[in-house]
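Below are two complexes that have subunit A in common, paired first with subunit B and then with subunit C.
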Partner chain A sequence: MRLETRKLLDKAFSGLGIIAIGVMAMALLLILTPIVVRGSKAFVFKGTIEFRRMMLEQFDRGDPDKFNQEAASTAAARAPVYLMMEEFEAEMKAMKSSERREYKAAFKEVEKSIETLLGPIPGERKPVLLRQQYGQTRWERTLVKLHEALYSEEWDYSNADAMGLLVEKPRVEQFIGTKLEPMFPYLEEHISDMMLPKTTFYWRFITDKSKDSHIFGGIWPEVLGTLYLTLGAMIFAIPMGVIAAIYLCEYAKEGRVVSFLRICISTLAGVPSIVFGLFGLAFFLNTIHVSNSKSVLAGSLTLSLLILPTIIRSSEEAILAVPRAYKEAALGLGAGRWHTVMSVILPASLPGILTGIVISMGRAAGETAPIIFTAAVSVGAPLKIWETLSQPTPALPWNIYNLCTEHEAVDEIRHVQYGMVFTLVAIVLLLNLFAILMRARISKKLRG
Partner chain B sequence: MKKTVITTFAICAALSTQAQNKIAIDGSTTVGPIAKAFAEYFMSANPDVNITVSESGSGNGAKSLVNNTCDVAAMSRPMKDTEFKAAADKGIQPVAHVVALDGLPILVHPSNPVQALTVEQVRKIYLGEITNWKQVGGPDKAIVSISRDTNSGTYETFAKLVMSKQKIHKNCEYVGSNGAIRQRVQSTPAAIGYAGLGFVDKTVKALKINGIYPSAETVQTGEYPIARPLFMYTNAYPKLGSPLYRFVTIHLTEDGQEMVEEIGFVPVTAY
Partner chain C sequence: MTEEITMKKIDTFAEHGDDGATNETHIEAKDFSLFYGDFEAVRKVSMEIPKQKVTAMIGPSGCGKSTLLRSINRMNDLIPSTSATGEMIFDGHNIYNKNIDVVTLRARVGMVFQKPNVFPKSIFDNVAYGPRLQGTKNKQELSEIVEQSLRNAAIWDEVKDRLTANALGMSGGQQQRLCIARALAIKPEILLMDEPTSALDPKATAKIEDLIGELRNNYTIIIVTHNMQQAARVSDLTAFMYEGVLVEFGKTKQLFTNPDNPQTENYITGRFG
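Then we have the complex of A and B:
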């Protein structure tokens, strides 16, 4: 080949390489930026007085004296709203029934939106559902709900040939000339006095239990469940995988059986994860009954099957990469096969084996399909370690999916969903970082 | 080393058999919000009982109960003969607890000018005979029909009460939960779907069916044509006084009925 052609090919190749890396970096940035930006809002946000009330009553956290002071000032700011509503009710009672009907439905809507915004109206029965016991806990949701309290949404269907148009009507127009009229401008003007928004660092989002299916509180059951499942999968998969790899490389005689086994393992690595999930349900739960309901144990066993092929293959590669001379020297010095494996081959291949373990650990933490039928539930308490043998747990990957598709109040709790995604990504990242550091230390030790 | 491992395992095993204060609920995504609210309510009064709720569809709930892998199967349809038979073969005796009533509102995007349909029209839409909104008095837009998956009790109810067991046309889109139906409808102006009453909010519009709007009153009186009870099934009637017994009777208490109502479903009795 001519020199110029070779140079050109060389340049083209390195250019392609740079482009590939650039695309990867862009993709990473595109994926990670929203995760970090939106996820961090679960931890740092403007919390209102309702947030502090909820924290004090549900988690026993915060300074009661300071809270009482704040509560008194918000109560004073809210009092005119309640007063105007009361006065309007009295006014309504005095009306003729035909006039009253006109206002009744509209007033009910106003009442409801005030309750969603500020919490239950003082003096009324305490609602049973926790979500109705507090007003809006976050400032950005407060503003959304304020808008809903001030404007009613109506659809204009006058053009029969097209879809309707959204028309926002100020609610105040329905109450002109009544005692309720001044309430709307008052509400708009004094909302921050009524709610006292304050920048809040809620780092215990990770370690708090969820309250009322994630509407309040944190994600500790999910985080703990993910850790249990990952560790459980590792406990089963690492010994089995490494022993299998040693056997295949050092003990088994190369031949048809071994190559057939290798093909099987590679195939297993390509089986879709949902198949493992269904297998786990059919085998661990319905056939051998490892527990009498879904459980962390059944989930860990299923996950360990999923990551086993990766661990076996990477361990095998690592063991095969150990120079033959090491092994021959050990055998030549009179060490037995077992001794050689334990004291020479395994330590030398440890960095490679660890790499495989790390990759599969990240996968086990993030897999959803294998745990749907074997371990994951949408609501549950954080488990004690012995309960993992018999009880199911919420887990981050499944609950992220559950929150965004099945939860009845999806739009109210987007921040929890993003917080979960952020936490899951952070957990996987930390696991990887930890393993990389460990690997570096071991390699350094080996080099002496 | 070995000894400690063995003893830890032994202790764990002993503790896990001892701590049987758990109630595992599996099944319907429609009953899900009720089950979750009851679980929260029950656990705050009894912190030593762990209640887990998974929402995987009525069919899965029935299967779990038959395989004895859950304590309560939440179902939005009654059990089928085949399921009763499978249960009987395995020595399971399903007992139904009706926890709430539910209408099956037919949902469209709020921008859709259509306000009312008849059951007949809904059936024709899902049969593929009516394909454009202008055929039912709306704008000239192709209808996007969305249905629940066939594992769902909501689907079974719809198939029975609306479709009269006729087959849904093949271009229909199937999704896996009530929440997913709402999401598809709120993001697709020409869509039609159906879900439990508790999933209706202002992002979707429930239609009048045969002139009746789905509400607590019309469901309870039976005026609204597509209504059904929501069930929790247990294996035999739970032992009186046990945590499970107290759990499946929450809906009979005043608090339980208030929760059912506030979530958006219809309490079984007037309280």
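Then we have the complex of A and C:
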């Protein structure tokens, strides 16, 4: 081949390589950026007076004196709204019943949207549901709810040939000429006085329990559940996997049985995770009854089965990569097989084994399907360590799915969903980082 | 089921004579053959290796000299599908008897490999590996053994200040001498050396050869080498092997100056190999 052709080929190949890596980096950026940006909004956001009220009452956090001051100023700002509503009600009472009927439904809607926005109307009975006891705690949700209070949505079916059209109509139009008319512009103008938005740093999002199924509070039970499940899976899978790998590499006689075992392990690695989930339910819970209900124990066992093949294969690779010279040296000095494994082969293959462990740890932390039937519930308290033997737990991957699909107020808790995703990604990254550092340290020690 | 034969030595270092002039046989091969699967790598070799002498094995690549050497401490067991016939007698036992405890055998027959194969541990831990295996836990005792072994391997002065440094940081020649020190630390009676200088430069080679000269008084040394000058320099006896067969075995001086066998002559004069 001519020199120019070879050079061209080399250049083309390195160009392709750079493109491939660039595409990968872009994809990573595209995935991670929204997770980080939106996820961080669970921690840093503009919180309203309602948020501080909720924190003070539910979590006993915050400065009561300062809060009372703020509460007084917002109450003053809100007073005209309530006053106008009251006056309008009096006005309505004085109306003829036919006229009153016209306004009644519309006013009911206004009343409701004001309650959602600002919280229960002073003087009324305290609602039962926690979410109804407070107004909007976050400024961005406040603006959405303000819009809903100012505009009503109606379907326009005037064109019979087309589909119905959603149109927004200012509510104020329904109340022209009444005492309620000035309330709408007042609301729009003074909303920030009524809510006092302030940049809030809520790091305890991670360590707080959730209140009223994630409407308020944090995600501690999920975080803890994920940690339990991951560590539990590791406790079962690491010893089993590493021992199996040592056996396959150092003790088992190469032959049909070992080849067959290897095929089995590879096959196991390819089984869909939902199948593991169903197996966990059928075997751990229904057959050998490790616990009476779903439990962290059953989930950990199921997850450990899922990651076992990865750990075995990567440990095997690592052990086989240990120079034969080390083994010969140890055996030549009169070390037995067991001793050779423990004193020479395992230490030398530790970095490789750790890599496998890290990969499978990330997998175990993020798997959803295996824990649906064996461990996960959508709402629960943080578990004590001994309760993991018998109790189910919420866990990040399952609750992300659950909150995004099955929660009754999916739209209201976007920040929680993204916060959970962010936390899960962060946990996995941190675990990886930790393991990478550990691996680097060990390799450095081995290299001298 | 017969009882397991342990090769544990009764007496330790003191056993080695100081004059080094015995004519006792230390290892004896009787019609010994070793197979890799169907391939007979060593063919019915019979030889008596005397105690506290340096025996060199020479021959072209693939002649079975390394295989024969590795048969003496059963290192070939690592390779699947090897089998042996005939006898290799050490301390009154055929070491290929299936009841032999290989671990105790290897503690008496130390080995130094072609490439320095230090463990990725500290210099101290490398040398202490064998003694620790044999149950020496006392720190004081260990340090003494380590120092003595390093001195015997003529490397003490170079490493005494950095015993805790990783052994992989040393030069190739130093690593090989550390390997020798490590082998000496288990106080073997026989030291097998499988082309110990083939990966080293001439200067390091010279050091190792000097070392062999010093060690010959206390150990039975069997060395495989490609370098005929080396065999002539360091050994008392030389064995020439060709295609698995022991062609000639005798005093080094005689083998190199007046070989009995024309094949040997052809090889040492460089006509083939």
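Here, the second predicted complex is superposed on the first by the 448 of 448 C-alpha atoms of A that agree within 3 Å, B and C clash if a C-alpha of one lies under 4 Å from a C-alpha of the other, contacts with A are read in each partner's own complex, and residues count from 1 in each chain.
In this text, contacts are C-beta pairs under 8 Å (C-beta built on N, C-alpha and C of every residue); 3 or more make two chains touch, one makes a residue touch a chain.
Everything numeric in this text was worked out from a predicted model, so none of it was measured.
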item	value
Clash or fit, subunit B versus subunit C on superposed subunit A	fit
Partner chain(s) touched by A:Trp386 [first = subunit B, second = subunit C, both, neither]	first
Subunit B versus subunit C as contact partner of A:Asn292, first or second or both or neither	first
Subunit A: partner with more touched residues, subunit B or subunit C	B
Touched partner set for A:Met195, first subunit B, second subunit C, both or neither	neither
Which superposed partner A:Ala42 touches (first subunit B, second subunit C, both, neither)	neither
First (subunit B), second (subunit C), both or neither touched by A:His339	second
Partner chain in contact with A:Glu406 - subunit B first, subunit C second, else both or neither	first
Overlay on shared chain A, then closest C-alpha pair between subunit B and subunit C (Å)	21
Subunit C - residues contacting subunit A, complex	73, 75, 78, 80, 103-104, 106-107, 110-111, 113, 115, 117-121, 129-130, 133-134, 165-169, 179, 182-183, 186
Residue ranges of subunit B touching subunit A (in the complex, touch as defined)	11-13, 15-17, 19, 22, 24, 26, 29, 32-33, 36-37, 39-41, 43, 50-56, 64, 67-71, 109-113, 139-141, 176-180, 183, 189, 198-199, 202-203, 255, 258-259, 262-264
Sites on subunit A touched by subunit C in the complex	253-254, 323-336, 339, 343-344, 347-348, 445-448
Subunit A residues touching subunit B - in the complex, by the definition given at the top	127-130, 132, 153, 155, 157, 160-166, 211-213, 285-286, 292-294, 372-373, 376-381, 383, 385-387, 389-394, 402, 405-408, 410-411
